[in-house]
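Okay, got some structures for you below.
Next, two complexes with chain A in common: one pairs it with chain B, the other with chain C.
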Partner chain A sequence: MMRFIPVREAILGSAILILLVLVASRFSGFVAPSNLANVFNDTAPLIILALGQMVVILTRCIDLSVAANLALTGMAAAMINVAMPGLPIPVIIAIAVLMGAFMGAINGVLVWKLSIPPIVVTLGTMTIFRGIIFLISDGKWVNSHEMSAAFTGFPRTVFLGLPVLSWIAIFTVIVFGIMMARTQFGRSIFAVGGNPHAAVYTGINVGKTQFWAFVVAGALAGLTGYLWVARYAVAYVDIAGGFELEVVAACVIGGISIAGGIGSVGGAVLGAIFLGVVKNALPVVNISPFWQLAISGSAILIAVAFNARSGRAKGRIILKSAEATQ
Partner chain B sequence: MSVIKKLATSVALAGAMFGTPAFAQDDVRIALVVKALGIGFFEAANEGAQEAAEELGNVEIIYTGPTDTTAEGQIEVINALIAQQVDAIAVSSNDTDALVPVLQRAMQRGITVISWDSGVAPDGRQLHLNPSSNPLIGNMIIKLAADHLPDGGEVALLSATTTSTNQNIWMEEMNNVMGDYPGIEVVATVYGDDLADKSYREATGLMQSYPDLDAIIAPTSVGIVAAAQAVVDAGKVGEVNVTGLGLPSEMAGAIESGASQSFAIWNPIDLGYSATMLAYELSQNGVEAAPGAEIPMGRMGTLTLDENNEGAMADPFVYDASNIDDFKSIF
Partner chain C sequence: MTDTATTRHIPDRLNSRAARIFKSWEALLLAVAIAIFVVNSFASPYFLNAWNLSDATFNFTEKAMIAFAMALLIISGEIDLSVASIIALASTAMGLAMQHGAGTPELVMIGLTVGLLCGAFNGVFVTILGLPSIVVTIGTMSLFRGISYIILGDGSYSGYPSSFSWFGQGYIYWVFTVEMLLFVIIAAIYAVLLHKTNFGRVVYAIGNNPTGALFSGIRVQRVKFILFLLTGLMSGVAAVCLTSRLGSTRPSIATGMELEVVTMVVLGGVNILGGSGTIPGVVIAAFVMGLVTFGLGLLNVPGIVMSIFIGLLLIGVIALPRLWAMAATRRKA
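Let's look at the complex of A and B:
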């Protein structure tokens, strides 16, 4: 049974390779190492957010407020930078992460203590967060010339051949890989999603685990908020509009079951990379923009169809693999 | 902020109400009603109106508006202006239809009513002043690119969504005048959906697909900023010129980095100036606003009205390194 998950990742991995070959046949420059590095860098925010979303989905929840959380922390980070240009970037990042985590905690408390369905909670907070951006910014933009050079420069700084943005994504992937496989929190997330009743009998607090999943997703959204605003050097109310759906799509393509309990870090990362390659390839292969949405959508449907076929006998498998790892 | 704005309106209104007897009777009072107070764009329009007032000599400008962009707020303001019996009202409306009844009442009282920037339905005003027209904008966006390409070159369009009406009209108008710009070739049209990340990616894709690309034209404020950032990040400043329609405050960074040589948008100062001139002509010189009429507006030339009593002021105003600093704090 342990072979099961790697097989799915292998399928997705080869799908990405086939996609790259197809794109290369129309535009050879796409597979140049430097361009692939650019594609990865461009996908980094999606990877980070997909990992946070994965944790939430695994616990049978969903977080639709990640993009709004990102936009709000991004706007706050930009406004702090404009107000105090001298503030060191690590401090801004810390503020962004804490702010994001706090907004995630709001979602978490509502789901945990008031037992409101997560989709309703996060639909509500999504709108509230966007509204707050409007309130704090007065609807105005924060523009590149108002931001300090350090603020916009940090994610672009090249370190060992890759921009810092890419390194943050890689670091997050490693941390999550260890967390999901080797820590009590990681295992209880699988248990809660796989079979909540069984999880209760093993002494896991289901609501609390879901709460922490939201906090983790929020913290990552906050971190991405700063990175996003710094990368595109602009902050306004609508940044990353609709991005929450892309994040969920990355998870679904990566084989994370919407019903909870099934999924892996590798899957989420590959799902994000798959979408990232599609998004970066479509502009260069001369496909009519009218077709682009249909193509992205079909990719998601095909992936879900695959997962639905392989989604038999969930729950049981996960608990067994959880036992096996411990 | 909001408290200050509210205070400002109250003071402006109170001043306008109680101060009335102090004005000399022969002063023509023109009210400039804006969408909301405290917006840089309208503050700049007021500057233009003051300029026109100075030029005309006997004009008093009443710059007013609600504290938030609602039609209700504007109706209140306009009612107050009717009570004060101003000579003319020039309004940039928050709602095409909601202001019609109150503006009709103003016209029944003999007050000249025109709309500018954001229009009112024909029943509620004598004429409407558009900042520019679709043919003028379509011509301007290609001219901006062509001006920096004396030997011709490849340009690409970065639009908003495939369905955005104004973008599509501007691009169509641009295609109609391509014959005037020999040597300029439009190699692609891509859509950034007015999202910073998608526009950035599309712009990056354009530079990869067309290594000889000379200019990216983005007639959308999100797209032009994102494309400029993409050009900077790709290290192609000086090779690829980003131009189109944008706001000076948002584009200041792109002009500074050199990613954009120039871009255009209407000039709010000229707009306020022209609105005041038109209101004055209609109210004092007996000019009739009728289809086909040509109404002078001082240094901005004349306004020709179409069948809906609408007219276009001028070409969009071009912003570049020489004037960006004057405008970036305005709007």
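Let's look at the complex of A and C:
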């Protein structure tokens, strides 16, 4: 199975290259290094969230609450900044990450301790988190002039030619690359998703691993919440509405099997970059941005159909996850 | 509740204690519905008014129509998250046809046909290509609504023929609306289909053990395909009702409705993992959700706060019986 993954990444990588060449044939400025850096920076939140989602999907779960988590932590970070403008940015980031991790832990506990299907849990928490944003903000916006300059400036600060936002994405990719390949947690995530029964017999607590996967996804959503609000310098109830689907789309396009156990950090990153390039290329080639939703929907369907063909393993049990969690 | 008796012969995967709780689920739910009704009539003086209550049914009739088909789909072990997007696409198609001069019968036909086609599209991906329904319908959820956005952009359609408004705004007799009549008819059809026909038994069999069902000579994939068609068709019916009631179409129509439909089905006692559940349960769940949102609305609670209740309800109804069962086994040990 491992042999196929680089092939899949190579296909996706060349799809992105072909896309870039096609766009460049219409408008050569698109592939200028400075513009590509912009596209990457624009895609950075999607990359960070896709890595969190990847971990969750690998353990045979799904997290549809990441966008709502992002919006809630973003709003909280903005309101904290308004209330206490002097609070240093690292403290705000720490609060955002912890808040996000806590919300991920709520999802995780419900999946782990009560074995409620993840799709139900996260559909529920998705609406609950969105509702809470309305409750704490009273439906009002937090605008850029209310935020401190340090708060909005941090993700845009240019460091070695790239904004901090991009560096955080790159750093996250590296950390996840090491974590998935070299740590016990990373390997147990693959074990849990690949074969929960075998994972139990090797002494891995399946439910607990899923719990930590949700915590990781939540923490990254929290981090992105601050970065998102600071970058766009506005916070309101509906920020990143529907973004959870784009995150799942990035993972599915990146070859992460929704049945768990199959996927790679490189795949998730390329999946996110593919969507990011499409999103940024549409206006350049004069296609209405309204096409984007349909394009990402089609990309999910094509990718999942393609992955199922190439990854159909012999005699693997995909159903009956209920037995494994006992 | 004679209908539930038929399900008792089916061995499901739940242990006996949890099964017993689920068997009385409809009774419990009915008690909750009555309690909410009583609380509401004390909380607001406007609650016990025939016309207000009639208006309140619009909170759930359209969703419930989809929920009946979705219940069968979930019992069979699949799910369809694209229903709200099917409504958007069907409504957009109707709007487009209306602009080209289609009359009311054509509009209804178009709405239902688009619903069926979308259901068939989902069905092909799930049953013929063998892909997990959850990913397929997350994909089509973007695709169907995406097509609506491509057609409409930030615009909208309005000016439907006045005869078309009968479906969503018409009354049969006194306070009884056309949608209520549709709701009752569709509920009856699905109750018979699930609880009294061979097809219904097959749906349970597939949900409990797809492999066993296959070896019993059941054409599992064909039954699932039909269930996707039915869910698509019901979304088409809901699209006709909703478009007729609102009198306009926007690409954002019915956003997030899939969540409420799934909540309704799960609240009705349908096992989200498949294999058990009843139509009477879903009917009562529809009333519970309708009464809760109506009551909160009368108390000036904003819609987004109501969605917190819906989310809590969704998690709560699954979590509570499990906590209950866990506490019971702990006491035993």
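We adopt the following convention: the second predicted complex is superposed on the first by the 303 of 326 C-alpha atoms of A that agree within 3 Å, B and C clash if a C-alpha of one lies under 4 Å from a C-alpha of the other, contacts with A are read in each partner's own complex, and residues count from 1 in each chain.
The rule we apply is simple: a residue touches a chain if its C-beta (ideal position, glycine included) is under 8 Å from a C-beta of that chain, and two chains touch if they have at least 3 such contacts.
All values reported here derive from a predicted model rather than from experimental measurement.
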Partner chain in contact with A:Pro88 - chain B first, chain C second, else both or neither: neither
Chain B versus chain C as contact partner of A:His145, first or second or both or neither: first
First, second, both or neither for A:Gly161, with chain B first and chain C second: neither
Touching partner for A:Asn280 - first (chain B), second (chain C), both, neither: first
Chain B versus chain C as contact partner of A:Phe290, first or second or both or neither: both
Touched partner set for A:Val248, first chain B, second chain C, both or neither: second
Partner chain in contact with A:Arg130 - chain B first, chain C second, else both or neither: second
Residues on chain A lying within both footprints (that of chain B and that of chain C): 290
Interfacial residue positions of chain A with respect to chain B in the complex: 27, 29-30, 35, 38, 42, 138, 141, 143-145, 156, 228, 232-234, 238-243, 279-280, 282-284, 286, 289-290
Residues on chain A engaged by chain C in the complex (per definition of touch): 62, 110, 114-117, 119-121, 123-128, 130-132, 134-135, 139, 237, 245, 248-249, 252, 258-259, 288, 290-298, 300-301, 304-305, 308, 319, 322
Touching residues (chain side chain B, partner chain A) in the complex: 1, 162, 188, 190-191, 194-198, 200-202, 204-206, 208-209, 225-226, 229, 233, 249-254, 256, 328
Of chain C, residues touching chain A in the complex: 13, 79, 125, 129-132, 134-136, 138-147, 149-150, 153-154, 210, 251, 256, 259, 262-263, 266, 272-273, 302, 304-305, 307-308, 310-312, 314-315, 318-319, 322-323, 326
